[in-house]
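Next, two complexes with chain A in common: one pairs it with chain B, the other with chain C.
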Partner chain A sequence: MIAKQASRLTLFLLLAPAILWLGLLIVLPHVEILVLSFSERVAPRVYAFGFGNYLEFFTEPLYWRTFARTAFMSILVTALTLVLAFPIALYIARVAQGRLKAMLLLLCLLPFWVSELVRTLGWMILLRETGVISYALRSMGVASQPVELLYNDGAVILGLVYGGLLFMIVPLANALESLEPAVVEAGYDLGGSRWTVLRRIVIPHAMPGIVAGCIIVFMLTVGNFATPVLLGGKNGLWFTEQIYAQFITRFNWPQGAAFGMLLLLLSSAIVWLGLRLTGQSLGTTLKQA
Partner chain B sequence: MLTKRASLKLATALAALMVAGSAQAAEKLRLLTWSGYAPADIVAQFTKETGIEVEVTTSNNEEMISKLRATQGAGFDLAQPSQDRIAGPQTEFGIYKPLDMSKIKSDQFIGSMLEATKKNTSVDSKVYGVPHIWGTDGLVVNTKAAPKVADYNDLCDPALAGKTSFRAKRPALIAFAFANGMDPFAAYGDAKAYAALMDKVGAKLAECKKNVKFFWEGNDQLLNAVRSGEIVAAMAWDTGGWKLNADNPDMKFIAPKSGALGWVDTFAIPAKGRNDDAAYKWINFNMRPEIAAKVAAAAGNFTASNGADKLMEGKLKDQFAESFPKAAIDNIRWYPAVPAGLEEIEGKVLDRLKAGS
Partner chain C sequence: MNRPSITWKLYIAAFYLFLFAPLFVVAIFAFNASPFPSPPWRGFTLEWFTGSGAVFGKPGVLVDPIWLESIGNSFKVAIPVALLAVLLGTVNAWVLERAEFRGKTFVAMMMLWPLVIPGVVLGISILAFFSRVTNGLEDWLQTDLDFLRPGLPLVVLGQLSFILTIATLIIAARLRKFDRALEEAAFDLGASRARVLRTVTLPFLSPALIGAGLVALLMSFENFNTTLMLVGSEAPLPIAMYGQMREGASPAINAVSLLLMLGVGGIASVFALTSKAER
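Let's look at the complex of A and B:
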């Protein structure tokens, strides 16, 4: 009896840091944001309860269009990242051995030792009108005028894919590693072409890894701030910029809080939909990640 | 894993660090200001004279208000918002405390500027701000590449497509309103008329947007782009223009035909500031002509200190004289205090401008 109680206490004590961390730093602030999002300004220093901030999102095309654009571009970025990361992960997991494998993973990791801001500024130096690429193109005679490659959606997608690559490669490589070579061989023995083996054996086996990677990259992308701000053009407003604007330049915290909640809810809904469409459950995916 | 002894050592070290930290924080002034307003040598001189250490945080108008609002006016002992951005946020959020004018040496200020600022920053007949640094918003132009630019509307000239810039903030709205024959300041009192006027300005800017390379955010970003020739004309601060002018005489700051926009940055004390004495000391120290002249030279702007102009360096004076003939000075539009609520109208116009294509 006493031993049981003691072990329960131990369990509780061991869990306490995690619970405190989650409760104080994640749940509590979100509750506060939620409460804040339901208050409307009536007069200076007077606020009342209401749904106006949420209505504003759905009635003002400006805001939901920005969100739709952000979501669409994030999905595109996730898809591109997947396509780029898959062969790399396959090579790391199946072909590379020993030292080479460790080195390849390290190479993927290396850019992340530098802060996101610096990496983005690096892209700016490459892409700007007076930048490295523009200069190279001119000196090779491909272009006669300076070429502006910055401040457009392409630059934003490039920066985001670059930033998401690692988070796709690691879960993918993890998932592919556990694939038995014998299974692949059996596929060939039974007369399967390379494409058939990839489609019917490798991809289904890697599915939990693919889904895990996609969720991480999508969530990171949709909530990114620095990359779209720095690389994006005058038309490329990201939804996070709307939230920043409401909080910082508009002093309208309730509206910003409502946008924050909407970003959380809508992007979670998109992930849920993605899981549904691919027939994956969150449980198996989490095990993989 | 940490051994017991190692963790004990670590804990002791941490405790020692905390004690040392709090002992050092005996007297400190936490200053929330603009970059360039508290040069290191001035701070050092102040610490030497008074024994008070100054902790400088650089920011801009919106972030200052947001920071103070988040803490209801705590975390800083002195802030430097622009004079037009005090009354509104004060009414809305109560983030400042009234100034005790008896503690400020008012004879150190240019009289007319002090009175105007006091009037603009008053709420319920209590004064919340005194002037420190002033300057204008106008046009920074590469006169060789864009010789014809003389007013804000010229930034929308198709001949300069992809080579102009302005900030997607309220000064752009005000400037383009004036340039297109509207008077936004006259509409300040009537929110409905103001919204209608801003919609018109928004439409004008949306049309101009295809001409703009980017909406600039930081001063350095803009100056870099002008230096490299990527931008040939922009709406920007006078100080930036003069900085460029010092390196290249073709780059000029031009007071636009429809009027440069005059701003005044102030001293204001946050509602929960902990060291008002130090704040007043810093204000009086900074307004001494010889100190004010140094700060103004470092910031590249002008000061509200009486007599500092005689101590200013010749270069800035010459540049000012070239950019501002007598008529242009009279034509400067000084921002009146922004009534609470108007910024929301402007915000939406700016959101649309940034999001639309």
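Let's look at the complex of A and C:
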């Protein structure tokens, strides 16, 4: 009896940090913004329950357009990242051997240990009007005037794809690693072309890695703040920026909380949809990464 | 597929060029003797690291109190985050790997949850919740509780909310590999529970503890999204850099970035070495 009580006490003590962490830093704060998002100001310093913040989102074009734009561009960025990363992952997993393989993977990892802001700074120095590419084009005689490559959607997409690459390559390479060479050989022996083998054997095998990579890249892209703001400037128009503006600049917390809930909903919906469509579970997906 | 075509090889080469181009230009222009981080090249200088400001009007990073202070703020956040992440992560890993109780799968799922919440949302939710708690407590206790207002302590909590998940996963993965016969042998030889923990289990876990600590340190140092929402008047490094980049910065920011790259590279190689020793 005493032993049982002692073990229950031990269990409680072991669980206490997890309960404090998840309760105070995750669950209650989310309950707070959920409640906050449904409160409207009816008079100075007086708030009441209402759907006003969500209505405001749907009636103000700037808000829902920014939201739709963020969602759409994030999907585009995810697709582009997948296409760009696939040949690299395939090379690392299937072609490169020994030290070359380890080195290629390590070289992929290195830029991503450096702060996102440093990477974005690099792109700003390359792309801006007075930047390296503009300067190179002028000195080669291709352009006669400075070329502004920054502050447009292309720059935002470039920056976001760059930021997502690693999170695509690692799960892809992990998934491709386990593909038996004999299976690929058999595909060729049975008369499959390069393309058929890729489409019917390699890609289906890599599916768990593709899903994991896409989900992670999408989440990181949708939730990104610095890259669209710095590379897009006034044209960046990212939804996280709206959340920041409501919370910090305008001090309209209920509106910002509603936006936060919408972003969370979007991100969770896409993750859920991705898992559902491909029959993967969250646990195994995160393990892939 | 084992004979890569020349286009494929060219693509790989172009890809790695693309990967390193931004970092390369950041590093190069830290040494350019020009008031702006842009071409043309005006000669090599260390002014942006150690200069007193006599040449370009702005001092170098290593003597500029503004930059030094923000680097200091980053450490004030990163060190507590790393220590707490390792300490609490070890307990969490124990819960995941050793304890048996009803609802354990639920707790395990909950622990993964912070990874799928956008950082900005984590930031605003913690900001709003702690603001309500602080208002309530201040009314009740009739004192000021400034440490729960936006500022470095709140940044520590905000970063910990998701870094703890990662630390927990790293430590739990190592604990899963542990052969419990070793512990039983120690018990049979008459060791107390505390002694077994100290002489058998923790030494086995130590590579993961160091690894988790370093990863937490790095993630804390470069976190931007969550930090942005919780920061007060004392800006950690990424926030200070962001402010400078919006204004159009001097090459001092390149110098800071280069130092950051070197620091991160150093920590990452220590991490790579410890995880190699683990295998």
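In the analysis below, the second predicted complex is superposed on the first by the 245 of 289 C-alpha atoms of A that agree within 3 Å, B and C clash if a C-alpha of one lies under 4 Å from a C-alpha of the other, contacts with A are read in each partner's own complex, and residues count from 1 in each chain.
Basically, a residue touches a chain if its C-beta (ideal position, glycine included) is under 8 Å from a C-beta of that chain, and two chains touch if they have at least 3 such contacts.
Keep in mind the model is a prediction, meaning the values are calculated, not measured.
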| item | value |
| --- | --- |
| Touching partner for A:103 - first (chain B), second (chain C), both, neither | neither |
| Larger contact residue set on chain A - chain B or chain C | C |
| First, second, both or neither for A:273, with chain B first and chain C second | neither |
| First (chain B), second (chain C), both or neither touched by A:44 | first |
| First (chain B), second (chain C), both or neither touched by A:148 | first |
| Partner chain in contact with A:248 - chain B first, chain C second, else both or neither | both |
| Touching partner for A:237 - first (chain B), second (chain C), both, neither | first |
| Partner chain(s) touched by A:123 [first = chain B, second = chain C, both, neither] | second |
| Chain B and chain C contact sites that coincide on chain A, given as residue numbers | 128, 130, 229, 247-248, 253 |
| Interfacial residue positions of chain C with respect to chain A in the complex | 1-2, 4, 8, 11-12, 15-16, 18-26, 29, 36-40, 88, 91-92, 94-95, 99, 101, 107, 109-122, 124-130, 132, 157-158, 160-161, 164, 218, 221-222, 224-225, 228-229, 237-238, 241-242, 245-246, 249, 253-254, 257, 260-261, 264-265, 267-268, 272 |
| For the chain A and chain B complex, residues of the former touching the latter | 44-45, 62-63, 65-66, 128-130, 148, 151, 229, 233-235, 237, 241-242, 245, 247-253 |
| Residue ranges of chain A touching chain C (in the complex, touch as defined) | 11, 14-15, 17-18, 21-22, 24-26, 28-30, 32-33, 36, 84, 87-88, 90-91, 94-95, 104, 106-111, 113-126, 128, 130-132, 135, 162, 165, 181, 184, 194, 197, 219, 222-226, 229-230, 240, 243-244, 247-248, 253, 256-257, 260, 263-264, 267-268, 271, 282-283, 286 |
| Residue ranges of chain B touching chain A (in the complex, touch as defined) | 62-63, 65-66, 69, 89, 91-94, 162, 168-169, 209, 212-215, 217, 228-230, 340, 343-344, 347-348, 350-352, 354-357 |
